[in-house]
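What follows is a pair of complexes built around subunit A, which joins subunit B in one and subunit C in the other.
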Partner chain A sequence: MVQGLTQQETIGASASRRTPRLRWLGPYLLLLPAFAFIAVFVFWPVIYSVYLSLQDWRLGFGSSRFVGVRNYVRLFSAPDFLNALRVTVGYTLVTSCGSIVLGLALALAIQHVRRLGSAWQALFFLPVASTMAAMAVVFRFMFDTHIGVINAVLTRIGLDRVDWLNGDLTAFAAVVVVGIWSSAGYAMVLFLAGLTTIPENLHEAAALDGASSWQQLRFITLPLLTPTTIFVVVILTLRSLESFDNVKVLTDGGPLGATQVLSHLLYIEGFRYFNTGYASALATVFFVMLLVVAIVQMRAERWVHYE
Partner chain B sequence: MRRRYPLSKVWAWVFLSVAGLITVFPFLWMLSASVMQPHEIFRPGVNLVSEQPTLANYATALTKAPLLRFLGNGVIVTVAIAVLQLAVIVPAGYAFARLRFRGHRFLFLLVLAALAVPAYVRAIPNFLALSSWGLINTYPALVLPFIGSAFGVFLMRQFFRQLPGELIDAARLDGCNTGQLIWHVLLPLTRPALAAFAVFSVVSHWNDFFWPLVVIRTTRMYTPPAGIAFFASADGGENWGVIMAAGVIVITPLVLFFLLARRQFVASLAQSAVKG
Partner chain C sequence: MAQRPRRTFVAGMVVMVAVLLSTVHAQTVISFARLSSQAHNAYLEPLIAAFEAANPDVVIENVESAGDGYEGLAQTALLGLAAGTPPDLVQVGFTLLPTLVASGGPMALDPFMEASGFDKSSLMPGMLELGQLGGSNYIMPIGVSTPVMYYNLDLFRAAGLDPESPPTTWDEAREAAQALVDAGYQGILWGWSITGNWLFQTMLESAGGRMGMDTDAGHVATFNDEAGEQVLSYLQGLAQDGLMPVTEATVQTFASGQLGMLVDSSFQRVNTPRQVNAEVRLAPVPIPAGGETRLPAGGNGVMMFSRDPAKQEAAWRFLEFLAGPEAGRIVAENTGYTPGNAALLETLAQENASDPDYVLVLQQVANVVPWHAWPSNNGTRISQVIKDMQLEVLLGRATPSEALERAAAETNQLLAE
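For the complex of A and B:
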């Protein structure tokens, strides 16, 4: 009798001890699957990438050798890297500025006409969602020197043909045009979301006080849109910095590196020549550039949140 | 009362129409060239409408390239990624939104840090890992690196935080354990959020061009973007009509999917925008 009671007590005690222990573990068990994948495929690669960048190693050519920062020294004295750095900064500036200005204009115009708003949105967002690599193939056809529609239009209005994808500046322009075509709708969607947060009565009050429409745009819409604008600037800067598809399909980085952006150079060094150590150094520098953009964003957001 | 916008509505319509025409032009051009005879494509001048439309380009495209196989690969890979992502991000998002535990802040900072790591930085180590596991040129190589989506964890946390706490307390009082709570109470409530993330995931991975180029070695394993680009460069620019037909075949499923699921897709983008 006494024995039985003790046993029951023990069972009860162990059960009640088990529940808190599980409860303590619970959150970590829920996090475990996601963190396992993130650790193996995101965090470990970042660390390993830095390690690889200190090695002299070509994949498939024997063992690696520790060389310290030699890869970085080589990188910053290599003309093709410095060229890619220049091309990437230029491409990013022009493409993100173009997309943002166009996206803002589209958002304001859609809000202005008020009719068919979601149809316009779908139309302008289509390039963002469609397969960039496939559309870049279409653009390569359109930019073709002999049978492309763009040169056909140019000759129709009496201008000379342009050898778009084989000239430095024109190939760069072509890649930028395709970049803007594929991103302006992205900026538009974000701006439209931001515009809906501006209270209508501000405009009514300003109008009653005699503010002209330009003044309303300048002193109400644009200032109140600033948090959205900063977010859009960052998103589009990162998006442009990471562009790859249009370059790969349209020019493959050519002619003579005129459109060689960092992401494409990394692809060439890492997966065409398998310069694993050198390409890892490139990846690390690229990562630092992206981090700087992200940090600037956080600073700017803290600075501007006054609404 | 004065007008709110600087320019009249007419100008806004004109601007939107011109911009809209430029935006859809490549799609129209692809469609129109895909039904042209070769001599029409090579004829000088601006030819937008074929005089003798033909579907021969489509037949040739389907026989010359395994386009249906590309599409099948795309479906397998994107569905696998979306399902596995949801399976890991829902519990993690719930834990961050609703549970208290030691290291909460630090672990969430890790998620935000993972969010900042671009695909190119992970590419070489991921490639080396997958090749040491013998997975190069397989479906797992296309799926595994993307399952642990930091963006997904972040988004799920936002959604779970918006749910009323009373509901969870009530379910707890009725004796739900965490698994039952997630499955019977929270998932039905967050179905729109899950759909939004799934659409976002499918569109971005369907369109991914870089990663398949890295880990795929044979044409038959390509997903649509790499497939069409390979087909176009292998052809050498002689059969633009056929290439455009292949482009139409490859791009149509996603465009239809996007038009059907547009609201969810835009919602998930706007969500991320408003929340920062």
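For the complex of A and C:
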């Protein structure tokens, strides 16, 4: 070892002989740009948001006042926050489950399509690649009670018009449908990638033993797809929790709060009512919620067998 | 000999560069956060072009709005203030005046008015009041819009109604809506959702009520009275009997060509009739029998946020231009806004005597009352409370008195905060 080091130093010539005391700095210097970027654009906003949540401050105003945890106390006693919490949990559960089931079904179907498989893939992936806000505008007019195409079809086949965006349940359903429509393609692509890792010979052996398609799905495909499934669950849960644009454009949180998700309430408090301190408290609570969900799901990944 | 042309050329270049540099230095760039949808570009772009042509030393730079409508513009101003770089000029809706002034950002315009000898009487009486708070002027109005009723003449004829005599009272409007529905069309849509409280104030005040608060009783909202109940009962009746579609997409619903009457902003005077594949005309907003026409002034103006004296000077020149007849004509010809310039209004009325829609919009300014701006940091939230109250009633989820009571209690609490 000693000899090796000496040799290296000899090869390294005079420059390296001058710097050994600072050599430890090298890796940190290399890390610095990335760390500085993350610190400025991720950690600092989080810390600043927590600081703002302890202030009574309105956007753009010259003065602010320290109010301690008053914003948090107000938050947890506000009916609109508790309503948004309930709606967010419901929306996330239904949208992520729906997207996963539909994504898996599409992946399984496309896997069995001999021809035009990639064309179908591209078709179902299109909603993921399109701008949600623009698509939501189209959906808003499709769901319109009087000028929407959905009701036009319903009345054409002899059914009654549905007042989609004015009923609590139907408006919620509309937002969920658009959420699933935009995410299922994403789940599908991930599941398709996962399906290619399952060895074909397992299915062949099972078929020889007389296993039906359902049994093959139940006992081979689904268990071996678990790592992908966990990953998809994590990604889609976080994606659904953060949903904003479909709610903003389609219902603006209405009717009367029936589709008011936390991210939209946060926007309204911060940028419509300009209560920056209160909105920051809401953002902090939302951040903690997302963090807890992410940690729980990361723990869940440890239980999965990858081989 | 060859030296001379070269020397001349070099000297020429130096002079050119010097001239260019001096022009660049002489130009003041002022940033302007404004609405930029198609309907608003229709008057703002020619306004800016005309101003720049008359003031070659000023360049007006467009600032993208952070969100929709007037709230988006207020957001842009407040975000700019928070970052220390507000736009020099911001287009604002009149109801956001208290919120923006409370931020400490906008400049009072009075010192500029005095210094330039601005003639306040050149504007229609009441125009400047829309942008006044605490005795100071903050907004130079571009134009006001008033509520107006658009009606589809083709549908009127098809329903056997007389297109020459549109309904003038609530009861007549209801009867006309019934006739339209009986003929297979939609009846009347009162644009209840426009900023939450604009048409509610129109209806309330025409029924004898007042939007505002009773300061003697300790900041208590006054809309919770008999007139308020009359308005909500009327709207609930229309919705429950299928005579009024409950939607926020007012213009789009009317543009579908299936809706007989739409009560909306006169701002759309030029645009809306073009969007409908039928003959459309304007009529005054129906009022209750024995009521009076009181029209809250919608519309907008421009506020100054510049702190730099050079920019303030250029910005003030633009604001002064907005009050003049040239700007007023651009606004009046491209929108349904009524400009503030008093002399121009008379000229326009004479020039357009053959266009009854135009004349109506110009005449309505006589009945304008201030659009109530809640004197509180919670103004926008109160507008939402009033909007929700109307939706509750329209969807039949509460009786008019229940909804009024709840909304008034919530408003009083927000006023007290």
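Things worth noting here:
Keep in mind that, in the parts below, the second predicted complex is superposed on the first by the 273 of 307 C-alpha atoms of A that agree within 3 Å, B and C clash if a C-alpha of one lies under 4 Å from a C-alpha of the other, contacts with A are read in each partner's own complex, and residues count from 1 in each chain.
As a convention for this text, contacts are C-beta pairs under 8 Å (C-beta built on N, C-alpha and C of every residue); 3 or more make two chains touch, one makes a residue touch a chain.
The structure presented is a predicted model; accordingly, all values stated were derived computationally and were not measured.
In this overlay on subunit A, subunit B clashes with subunit C.
By the touch criterion stated above, A:271 is placed in contact with subunit B and with subunit C alike.
By the touch criterion stated above, A:199 is placed in contact with neither subunit B nor subunit C.
In the superposition on chain A, contact of A:129 is made with subunit B only, not with subunit C.
Shared-chain residue A:254: touches subunit C; no touch with subunit B. After overlaying the two complexes on the shared chain, residue contacts for A:153 are found with subunit B alone; subunit C is out of touch. Within the superposed three-chain arrangement, the count of touched residues of subunit A is higher for B, of the candidates subunit B and subunit C. Applying the stated contact rule after C-alpha superposition, one finds that A:112 touches subunit B and leaves subunit C untouched.
In the superposition on chain A, contact is made by A:61 with subunit C only, not with subunit B. Legend: residue contacts after superposition of the two complexes on their common chain; A:145 is shown touching subunit C, with no touch to subunit B. With the shared chain A as the reference for superposition, subunit B clashes with subunit C in the stretch 59-67, and the other listed options (59-67, 95-103 or 365-373) are free of clashes.
In the three-chain superposition model, subunit A touches both subunit B and subunit C at residues 59, 140-141, 144, 147, 271.
For subunit A in complex with subunit C, the residues that touch the partner chain are 58-62, 140-141, 144-147, 163, 166, 254-256, 271-274.
On the subunit C side of its complex with subunit A, the touching residues are 66-67, 71, 74-75, 77-82, 86, 99, 102-105, 186, 245-247, 249, 252-253, 256, 258-259, 377-378, 380-381, 388, 391-392, 395, 397. Listed in rising order, the residues of subunit A touching subunit B in the complex are 24, 26-31, 33-46, 48-49, 52, 59, 102, 105-106, 108-110, 112-113, 118, 120-127, 129-142, 144, 147, 149, 152-153, 155-156, 181, 185-186, 189-190, 193-194, 197, 203-204, 207-208, 210-214, 216-217, 228, 231-232, 235, 238, 242, 244-245, 248-249, 263, 266-267, 270-271, 276, 279-280, 283-284, 286-287, 290-291, 294, 301. Across the complex, subunit B meets subunit A through its residues 1-7, 9, 12-13, 15-16, 19-20, 22-24, 26-27, 29-30, 33, 41-42, 44-47, 87-89, 91-92, 94-96, 99-101, 104, 107, 110-111, 114, 116-129, 144-148, 150, 153, 178, 203, 206-207, 209-210, 213-214, 224-226, 228-229, 232, 237, 240, 243-244, 247, 250-251, 254-255, 258-259, 262, 265-266, 269-270, 273-274, 276.
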